[in-house]
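Can you keep this structure in mind? I'll have questions shortly.
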Amino acid sequence: MEGLEFSGFVGIISLLVILLPLLSFLLILAGQKGRGADLALINISLTFILSVYLFSLLWNKQPFHYQIPWFLIGGIEFKAGILLNNLTVLMMILVSGISVLVHIYSRIYMKGDPNIHRYWAYLGLFCFSMLGLVISDNLLLIYLFWELVGFSSFLLIGFWFTRHAASQAAQKAFIMNRIGDIGFLLGIMIIFSQFQTLDISALFGDNGLMKESRISEGLWISGSRQIPEVWLSIAGIAFFMGAMAKSAQFPLHTWLPDAMEGPTSVSSLIHAATMVAAGVFLIARVYPVFDPFVLNIMVCIGAFTAFMAATIALTQNDIKRILAYSTISQLGFMVMALGIGAYSESIFHLATHAFFKCLLFLAAGSVIHQLHHYRDKLGLDFDCQDIRIMGGLRKGMPIAFIGMCLASAALIGLPLSSGYLSKDAILITAFEWAETRNGIFKILPYLLVLTSWLTAFYISRLVFKVFLAQPKLISREQTEQIKDAPNQMSYVLIILAFFCSFIAFSYNPASFESSWLWNGFSSASIQKVNIYHWLVPLILNIGSLGLLFTTYKIYVKSDGISIPDRNLLYRFSKREWYLNEIYSYLFTVPVEKFSRACYWFDRNFIDALVLKSASLVGVLSGITYWFDRTLVDGLVNATGTLAKWIGRFSRNFQTGKLQHYLITMLLVVLSFFILTYFI
Amino acid sequence: MNAEQLIFYFFAALVLISALMVVTMQNLVRSIFLFFVTLFSLAALYVFALADFIAVTQVVIYVGGVLVLMLFAFMLSNKELLNSLEPIKRTFKLNHLAGIFICLSFLFILVSLIVQIDFSGLDWIKSAAPILEGDNTIHAIGMHSMTRYLLPFEVLSVFLMMALIGAAHLARKGKKI
Amino acid sequence: MIPLSHFLIISACLFCIGLYAVLTKKNAIQILIGIEFMINAAVLNFVAFGRYDKENGGGQLFALFAIVLAAAGVAVALAIILNVYKHFKTIDPSKIDKLKD
Amino acid sequence: MLSLLIFLPLVAALLILVLPSRFQQQYKYITLGVSLIQFVLSLFIYLKFNSSSLAAGISKESQYQLVEKLPWIRLNLGNIGSLEIDYFLGIDGLSMPFLILSALVTFVATLASWEIKTKLKAYFSLFLLLNTAVIGVFCALDFFLFYIFYELMLLPLYFLIGIWGGIRREYAAIKFFLYTLFGSVFMLLVIIGLYFSVINPATGNHTFNMILMMDPANYSYGSIFSAIADKNLFGISARLLAFIVLFVAFAIKVPIVPLHTWLPDAHVEAPTPVSIILAGLLLKVGGYGIIRICYSIFPDAAMQSAWWIGLIGVVSILYGALNALAQTDLKRLIAYSSVSHMGFVLLGIASSTTEGVSGAMLQMISHGGLSAMLFFLVGMIYDRVHDREIANFRGLAEIMPQFTAFVIIAFFASLGLPGFSAFMAEAFSLIGAFTSEQVNGLLPRWMAVAASIGILLSAAYFLWTLQRMFFGQTRLKGGEEWLSKLSDVNTREKFALIPLAALALALGIFPSLLFDKMNASVLAFVQLISG
């Protein structure tokens, strides 16, 4: 009885958690335009408070599961429900917490936009769908929210829809995600046809159907259903594809840099902290589905993505693009971690990354915001996001600078930062995992180390160029006039900065194993190799610090770009590995052409065939008509015509001309003669 | 071939040629004059058939009567009639073809019949005593017309008078019929 | 002595010439001339056969009658032609087709 | 009850014909009133509908609801027996949803008819006649009656397209008419064949009763369509041939590739309300016919040809989507998207699984609402500026924000955004198709995989259109003139659009609204055809 009451209570709270943002979405659309900002903030704050409450109730407790019947199809009942476990409540608190901060930040950042109410409404929709995605207990529901997240992301990226680039980016993001969604849907199809249920706890729980199913003789058998084994791998790849699109993994990552066309606050919330983590979340949720083959693919793709994105970030000049590629790179780390089985490390990194990347974006946002104001005030014209024109902003914007530095430290993984804990945890586990593998998998950890060093390089390049280097376009005096953003924004930065330190996650700054978050998840059983636990962080940090120093030399002291410009590698990186061009060449253009060809085929072949057959029928009917008119009808007419002809013929004899009569008469006589005498 | 035959065929040829010219001639006046020639030569042929009186009558009636009638009737009273006839196109119409066809077939039929039939073998010709060159035919005609053929003779004279009166009546000017 | 059949052939030829004129000529007077040819052809036959009818003299006598009749016919015909011309302003028989319905 | 539903519009049509032209401005209110009454009636039927498995219908006459059976034509034909045609109406879970859809779509189409300005009397009476025929088709259980209603649909449509249509209306109307007639003429042959094969066990006469046709025991032995005798016709099984003929007849309506080319022309040339009815209801008649007649009467032949039907479905999905991608005319784009979406119906039916058939049914209802909405939206633009070229519009979102909101809803609902009905429908069609190999081995799995690409393509063409027409800086071909003409959604249009959006949303979130009512029938249907 008490249990029932408890479950009802928690259920209502979790429902409230997801419905409050939806409420703000609906209210704002229904006409509460003026009070959009307040409404949204109040709702999301309430959501956050409730999430914290739920977190305190359920963290490290028995997972909570509550279902109601949804619909019945055939003999199978679908249920909608809520599943709260450690992962869920963590994600909830993460999403709602960062949302609250971004809401506060956006009040200033988005001030003055004529369509601001839409912005609040879309944010509400996003929070609703993201939280819904997190707490759903059912693959179909997850899919539902999954696409809704993509939809709200579409709306937010295209928020400034009058800008062509923005609407283009929104479209690209949605379609890229759709590719992943197809994979997800395929995964759902396979799972459903195999198990006739989509309930996560029933499928992937401790004694779930997935565990019960077995593989024998090339068949994947569950109960009475069986399917060739290959479909298990396909299901894994399919789910992974969904995650790849959402979490911007190679080759479906190109939408994320473009998505930076949206407002920076949106980028920080959706495209850095929360939505992109949904892919990782999904992998975590359906983890049992992946067989070793798929996991290996995951490792390769994760590592490759991390590396590739880092190389691209090296040369970008748009401040948000650098951060976007950095995000992709970090997501690559997480995916790779999931692939090697480092489930808890991955989630850990997801959490820390959410904070420090959010901070990076918001700090960058405040720089952009202030530059924007400055530009508008002076009537200048320059790109507010180009780091080449920035420089020396440290004096005017100390808070942004400090925030940025802290977040960068976490990103690089310097000691005492949160990143040090989570990222090194991943690397250590990767090395431990590689111990048991061979071939290409041996070198993957080293690739990650390299990536980490690259990370150190590109982020320090960013920080140094923006805050420390000599200003390029504007004089130092002018630069000092650019002040820190208004207080509300700065507070947010400060709060986030706190979460970049180790304190929020662990009492011991050196060991991730003492982190409460890491301990909250069941650890994968990987052979522990102690040597890595101090060697890897050491090497990493020495390398990173060395790089930091070099970067400082290059960008602050020597005041110029000394790296060789415009060589092949540079251009390769600058143009983002030419992937956009390759995709356009390989997919977009051919599909467009193919569709034209199809239409041409449709018009000129199928339709023409129909028309031709129609005209053939026309000709046939013409022939029939001719036949009818001349032969059938003709026979009838012929008798008449014959009589007429005879009449007309004989009428010819009565010409009234004497000589004709005479000729006729004589002809008759003649024939009489001939008949008589010659025949 | 003796002289008699020679002269006969000469006249026969003259008859046929002049007759052909008469019917093919476009000029009416010329064809009327050529008509004389035909009639004269025909009269000559009658002579060869030992019908002197007929030949003379032919000349008198045709040349003296019919031709004069024709020429004078038209030349004197209806000049414009002759003029209007001048421009006749020389076309070879179907009509002509049919006419020619009919004529030729008749000619063929007649000639072939004449050739087939052996006239001298006919009974009445065989048994009859033909007129000889020295016979007085005029006397015989006179006798016969007043005796044996009196009725036709009288009918003919009445008929002749009717025709003359009728012709005169028809040819009267001014009044409509 | 000229054989009978020669006369007959000449007469047949003359008859056909006359017939031709009657059938094809576009002038009433020429048609009249054609008729005269045909009558003459007949007369020639009479005369030719008349040689073998000495006793009755039918051939020559009827030739005589025929000539006289022809002359009378010509007189009437000419009068008719004149009237026709007055009425139709033409003596082309092919243009006078009032007999047509 | 059903008769009331069917003949109410007919009575109204007669009323309009009788009323003097003085009242011609009132005709639309009469029509609107009729469609509202119909809607209320159908809602009542929906609420009262018995969804227990004892009222599943399909092949059991006693399980049909709201049955009306009256002897209609009884003619003693001497040796052949006596002619037995019934006025036989009834509904089960597979036809009931269409009644609501018909009423709703008619309602919306009536609201769209406000823009019709000429020959109102003829227009509204034909419109109501069409309404009668459509509802009649969904209710009729006697094949003869069904055929009459089926043919009765053609006539008003022909005139509605041919008189009130666009520039090439005659061409489109004739093309549509010939296409459909082509199918139905052969259908008539099969109907007659069935008539002479089936014997009503109660009376011993030949009968047109569809339900009796579904029971193999009712076929007289040695008759042409008897399942036991399995006669051959032209070298193939007579039943298979009959199935193919019926399938083609209905598939033209659906339409399937390659029998779809009447659809773009007819839709583009038809006036907006007729496009709405065409897309919203007429296409569904095809799908309904396939379920109710082709599959139910010839389940054995259906099983034999399932692979091909599935293939046609997949081809329709992909081919329609690719064609839609190439369009420059908005209405044509939507017409081709219909081809693509109706492919899912075929795929779902071909799978012969409960999931697939339910998905197909839901897809029909969902597409009925959504395509009506899409055509209504296109019609709104067309009525304002008489242009539909996508390239002539740009940045509409700024001048018509509410309109754009509706377009976004309609587009995203159509492209299968979860939360809208199309998603549930397509997902379950695909799931059904995928499961098919395991359950009954009819469709290979790759079909489902290939068809899911269609979802991606639909996203591509809808989003591309959205981006081209609505986003970006405002730039119109007609300049200032268009700017003043392109007013935002007015109240009448909202009345039409909101119910449709609500339907899509409601069915997307609570598919049980539909699934619960038809689940028993779907189960019975699947059992009938696979059993």
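In order of appearance the chains are A, B, C and D, and numbering begins at 1 in each one.
Note that contacts are C-beta pairs under 8 Å (C-beta built on N, C-alpha and C of every residue); 3 or more make two chains touch, one makes a residue touch a chain.
Remember, it's a predicted structure, so these values are computed and weren't measured experimentally.
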> Among all chains, which one's averaged Cα position is nearest the averaged Cα position of every protein chain shown?
Replying inline: D
> If you tally contacting C-beta pairs, which pair wins, A-C or A-D?
Replying inline: A-D
>> Taking the mean of the CA coordinates per chain, how far is chain A from chain C in Å?
In response: 121
>> Quick check: how many Å separate the C-alpha centres of chain B and chain D?
In response: 103
> Taking each chain's centre as the mean of its CA atoms, how far is chain A from chain D in angstrom?
Replying inline: 35
> So what's the Cα centroid distance for chain B and chain C, whole Å?
Replying inline: 6
>> By the touch rule stated above, which residues of chain B touch at least two different other chains?
In response: 95, 98-99, 102, 106
> On chain C, where are the residues touching two or more other chains?
Replying inline: 19, 23-24, 94
> Which chains touch which?
Replying inline: A-B, A-C, A-D, B-C
> Which bits of chain C are touching chain B when the two form their complex?
Replying inline: 1-10, 12-21, 23-27, 29-30, 32-34, 36-37, 40, 43-44, 47-48, 50-61, 63-65, 67-76, 78-80, 82-83, 85, 90-91, 94
>> Help me check something: in the complex, which residues belonging to chain A touch chain D?
In response: 69-76, 140, 143-148, 151, 158, 161-164, 166-168, 170-171, 174-175, 178-179, 181-182, 185-186, 188-190, 192-194, 225-227, 231, 591-592, 594-596, 598-599, 602, 606-607, 609-610, 614
>> Under the stated contact criterion, what part of chain A meets chain C in this complex?
In response: 654-663, 666
> Touching chain A in the complex: which residues of chain B?
Replying inline: 95, 98-99, 102, 105-106, 109, 113
> Okay, in this complex, where on chain C does chain A touch?
Replying inline: 19, 22-24, 93-94, 96-101
